[in-house]
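Order of writing sets the labels: A, B, C and D. Residues in every chain begin at 1.
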Amino acid sequence: MLITIKKTAKAEEIHALKQLLDRNGLGHRVCLTQEQTIIGLENNPSEAISKEIKEQSSVEEIASIDTPYKLASLRYKPKRTVIEIGNVEIGGSKVVLIAGPCAIESKEQLESIAEQLVQSGTSILRGSAYKPRTSPYSFQGMGPEGLKIHREAQKKHGMLIETEVMDVRDVALVAEHVDILRIGARNMQNFDLLKEVGKCGKPVILKRGISATIEEWVLSAEYIMAHGNHQVILCERGIRTFENATRSTLDLSSIPVVKQMTHLPVIVDPSHAAGRKDLIPALAKAAIAAGADGLLIEVHDNPKEAKCDGKQSLLPEELKSLAQDLRKVAEAVGRSL
Amino acid sequence: MLITIKKTAKAEEIHALKQLLDRNGLGHRVCLTQEQTIIGLENNPSEAISKEIKEQSSVEEIASIDTPYKLASLRYKPKRTVIEIGNVEIGGSKVVLIAGPCAIESKEQLESIAEQLVQSGTSILRGSAYKPRTSPYSFQGMGPEGLKIHREAQKKHGMLIETEVMDVRDVALVAEHVDILRIGARNMQNFDLLKEVGKCGKPVILKRGISATIEEWVLSAEYIMAHGNHQVILCERGIRTFENATRSTLDLSSIPVVKQMTHLPVIVDPSHAAGRKDLIPALAKAAIAAGADGLLIEVHDNPKEAKCDGKQSLLPEELKSLAQDLRKVAEAVGRSL
Amino acid sequence: MLITIKKTAKAEEIHALKQLLDRNGLGHRVCLTQEQTIIGLENNPSEAISKEIKEQSSVEEIASIDTPYKLASLRYKPKRTVIEIGNVEIGGSKVVLIAGPCAIESKEQLESIAEQLVQSGTSILRGSAYKPRTSPYSFQGMGPEGLKIHREAQKKHGMLIETEVMDVRDVALVAEHVDILRIGARNMQNFDLLKEVGKCGKPVILKRGISATIEEWVLSAEYIMAHGNHQVILCERGIRTFENATRSTLDLSSIPVVKQMTHLPVIVDPSHAAGRKDLIPALAKAAIAAGADGLLIEVHDNPKEAKCDGKQSLLPEELKSLAQDLRKVAEAVGRSL
Amino acid sequence: MLITIKKTAKAEEIHALKQLLDRNGLGHRVCLTQEQTIIGLENNPSEAISKEIKEQSSVEEIASIDTPYKLASLRYKPKRTVIEIGNVEIGGSKVVLIAGPCAIESKEQLESIAEQLVQSGTSILRGSAYKPRTSPYSFQGMGPEGLKIHREAQKKHGMLIETEVMDVRDVALVAEHVDILRIGARNMQNFDLLKEVGKCGKPVILKRGISATIEEWVLSAEYIMAHGNHQVILCERGIRTFENATRSTLDLSSIPVVKQMTHLPVIVDPSHAAGRKDLIPALAKAAIAAGADGLLIEVHDNPKEAKCDGKQSLLPEELKSLAQDLRKVAEAVGRSL
């Protein structure tokens, strides 16, 4: 259940409502959106208690949502969310292209790649300054210096930029530097991080965990929303299965499933799913055909020397050529790119 | 390694070669194709023994194939296989539509569905007379009577027909009645069945097992080929993962992977993968965009009363409408439907 | 629901009952056990129809079993099944040791291994004459000759013997030669094979498929039972997961789960699960501690030259030593070995 | 490779070494243990560069470890780690029992449970003040107040206490209050958290992620060790598979595998793996038989009212009775409890 609080409600009235909820053992979360105060309950209460809640002086209306996720639910908000950032729309009729290197390695590297990407219709430049690595001995990212390089590239080329944030203590700094924050697959259930980006005021790309069910993924989006940030973009990037021809198994079924469950936009990262560049074209086309609102693709101009994920990175010219094929598929399903 | 035997070789010369292979512990299989006798070795032998093999009087040539599958390998036969059946081509530029009910339930049911399918561009009518069912108490299919009904529908509507075969003892009868045999996911590693359809002379659709790696799947195709039947059509139908929003997880990455490994055509069954009809359009479009040579879709005109898989069956008119959307995607990737 | 037919019922009375079931669309299977005729229905019918069934002249009693499996259900038969073969009991207080080579390779090999196994408390000699192999070019087993060798070893050493059957056409021959038939993991849902061994009159070891849920596994046992053979021994051998340190992931939770669902004995094959011999001792001890009624362990006296599964085979002396450790664990959980 | 730095080395000498490593693109991490400074390299360098490294004035010795994990490797430290905390040893001959409620709910609840656990041989009282919950609307733990309650229980009953830490910002506070920190499955690859507990000076229980390979799990332990904390206890708690009879699939093979890879102790949590209390006895016995150094078991004295995981919690008297059975199994494998 979702309870909408009257704009005129006084703190003491809201407090009385909270006490009512606590007395009845109803797990809940107060969510301050830009326009409203909403209280989400984990489960729908009995009819009698629902009535009592509705009669509270602070309550404007209640909505019974029978899914564990409420704010993300298509039933709660039947109009699809379109996230506008500058002149880019995510979730609109145009399929958005997000591309760039896995890690930001140097000013020269990012500059060079960014310059070439502008020509392929890339709207958003990806790049990570903080890198989650399986081994403590691997390159861990450039950190704050990488953020600065990213920001400069943004200014110079007029593209939006997105980057990963891993540590709650970095959220404010990262949000200051980039247009979109990204939560990686390994942190999809790092709930403190979700709460923190829920307060950051910037759009968030939320990658699906490699062993997360679709419902768990949407519940992680709900965490961000319940802490005040409704600009969530879901990103399918493959799940872990027994198949080892690919790094992960890209689950394109999740796109239509998510579209039925939620009003949020969903994009696809074929690069991390495949783990090998030769499959990217087929998977990128399939993603758009399945209804994806965008693609997140790794591009590097010197993949052999890349500090990470070289094997799965396209060359800038390969992306340019692929973009033309993707445009045809986008048009075949009534969209543009 | 694959050894091609001279057409003029005498039985005793071939016998000498076999003794040489046995002496060196080289697992092998004699494969009689329509034009040639080929002997496949599990592994490539040492250089010295390779030389000895090559010098045998019965040997025309040897080909070192370093994959466990040989005849199916794109390296062995770089030209993609196009299977021609009547006026239908599988693996050519046209994407093939195979549709029909899960089980053949009655003459009336199949007739009614077939009639409507003709209009949606369906080339091949699916339908099963033998049904693999998890429970022994479930409907097990109409058996031989179902085969006859299928055959009559074929004659009346001019469509090709395909059906599942489960029991080695039924292969000859089934091959007599239908144009294409189908091996279900549960039987992908029923090696005796693979050997038997390897001798049946009719094209075979080989479904991927729900927990089969792509390599194991191709090796099962190799079984059929090594027993003399090179008309194998691979069919991706989803793998078993932890995700339960869908019945299986459709692994569309397998299409480009298979196309790099083999020369065989590959089709996709979105119905069994999804287990729910609302996802079929998105998955069917994605399959074509990813490079599938055909689709296998369940259609029923009274899904609520269907003896199996009603929830995942489209209505004939839904398929007709979907076919128009699929045609656009096919054209966007340079094919037709 | 399970319907027990009166011993005095006439064919025409039973026929009338079947018509009643068909009219109401109730999937069913007639099961002839040694003492009784039982009809299993896929689902429990409505109260009204249940009453009608009960009143049929042929019906002795009906039992509502609300699980998909009926004959295997612990609710239907609350007394645990103990299978007696010669002087060996499977499912009794003694944990049974089944050991031997993966494949029967020659008379000498089997003789030599059998001789050494007698001393380690092995009751049943395993060995396969028919081998399911992923590659068509691998050794496929010695076939009928292997069966004969197995039989001779049985006579000489006084052990029981068990072997795999893969092809429905071989069931009669295999059942004639060995004491226990084995259905391999790949054939767990080869329903025609299950039906055939259901009629063979010999005990059957049913391995769990590598991607089978526990319920599907029990339903496959139900297939065998519903075709007249109640001597089914379930065998856990690991499931396919993402983990690759082991060939499969041994699911020991399945033992207590199966013991709650069914009255059937359950044994464990740590060799195929692990795929490496160093883990066998730990897994074998854990299996007994978890409640397994027996162990199926691969033993070879020359693992390096073994035609299959050498890496996971213990030496006969290693099994002898392990058996002493296993005995202690068996005693700690109130059993013997 | 692991490089041990001389105790007498000067900062500038170490700096010169780091430059050498950087110049050669060798990923590395400086690790300050209590006695030594060690530098881990992601991969082993070429022979020439190894020689150059060895000749650096700051280098005492180098050890080539060919696994991705170094400090955790059994090859690097062949003596098994025994972690001593007060009078409790983890990794010694005695199997350690850790038990308590999932969440700390109130002073009364924890007191009552602790009192009863003392009698069952429980050495360490579990309990979480911070709860990772899939839904934002669920109870999220008592926070700092829960830590205080935990600490009081420790003082009163003389047991050690352990609790989960989720947020890097809480590490210091948690380390101040409890004897052992726990990293939950969802945070196994929260690398910033691993780094932070690497500096906390208290032993850490590291749960295996539900989709983590054993190698990834050990690499996460390596993160903690590479940041200075060598007191890591691995905890198997089940992996996510397709099977749904249990919440996760307990992978007991991981115990002997981990024991071969590392010198670290490993314990097992059967409660979270099974998700249902009826399986705990079988799995706990199996874990000890497989070689586990301890068990982590959820206990609640009013499971029906538990704020989380009630279904999988034993009653205190059930644990007491189980402990007697566990003791017998421990003795059968040469240990005590």
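Worth pointing out:
Methods note: a residue touches a chain if its C-beta (ideal position, glycine included) is under 8 Å from a C-beta of that chain, and two chains touch if they have at least 3 such contacts.
Just so it is clear, the model here is predicted, and its values are computed rather than measured.
Any chain that touches chain A and also touches chain D is listed here: B, C. Averaging Cα atoms per chain gives one point for each, and the point farthest from that of chain B is the centre of D. Computed centre separation for the pair chain C/chain D is 39 angstrom, with centres defined by C-alpha atoms.
Inter-chain spacing, taken between the CA centroids of chain B and chain D, is 48 Å.
As a whole-number value, the distance joining the C-alpha centres of chain B and chain C reads 31 Å.
In chain A, the residues touching two or more other chains are 211, 240-242, 244. Interface of chain A with chain D (complex): residues 27-29, 40-42, 68-70, 132-140, 166-169, 186-187, 189-192, 209-211, 216, 219, 222-223, 226-227, 240. Residues 211, 213-215, 239, 241-246, 249-257, 260, 273-274, 278-279, 281-283, 285-291, 325, 328-329, 331-333 of chain A touch chain B in their complex.
Residues 240-242, 244 of chain B touch chain D in their complex.
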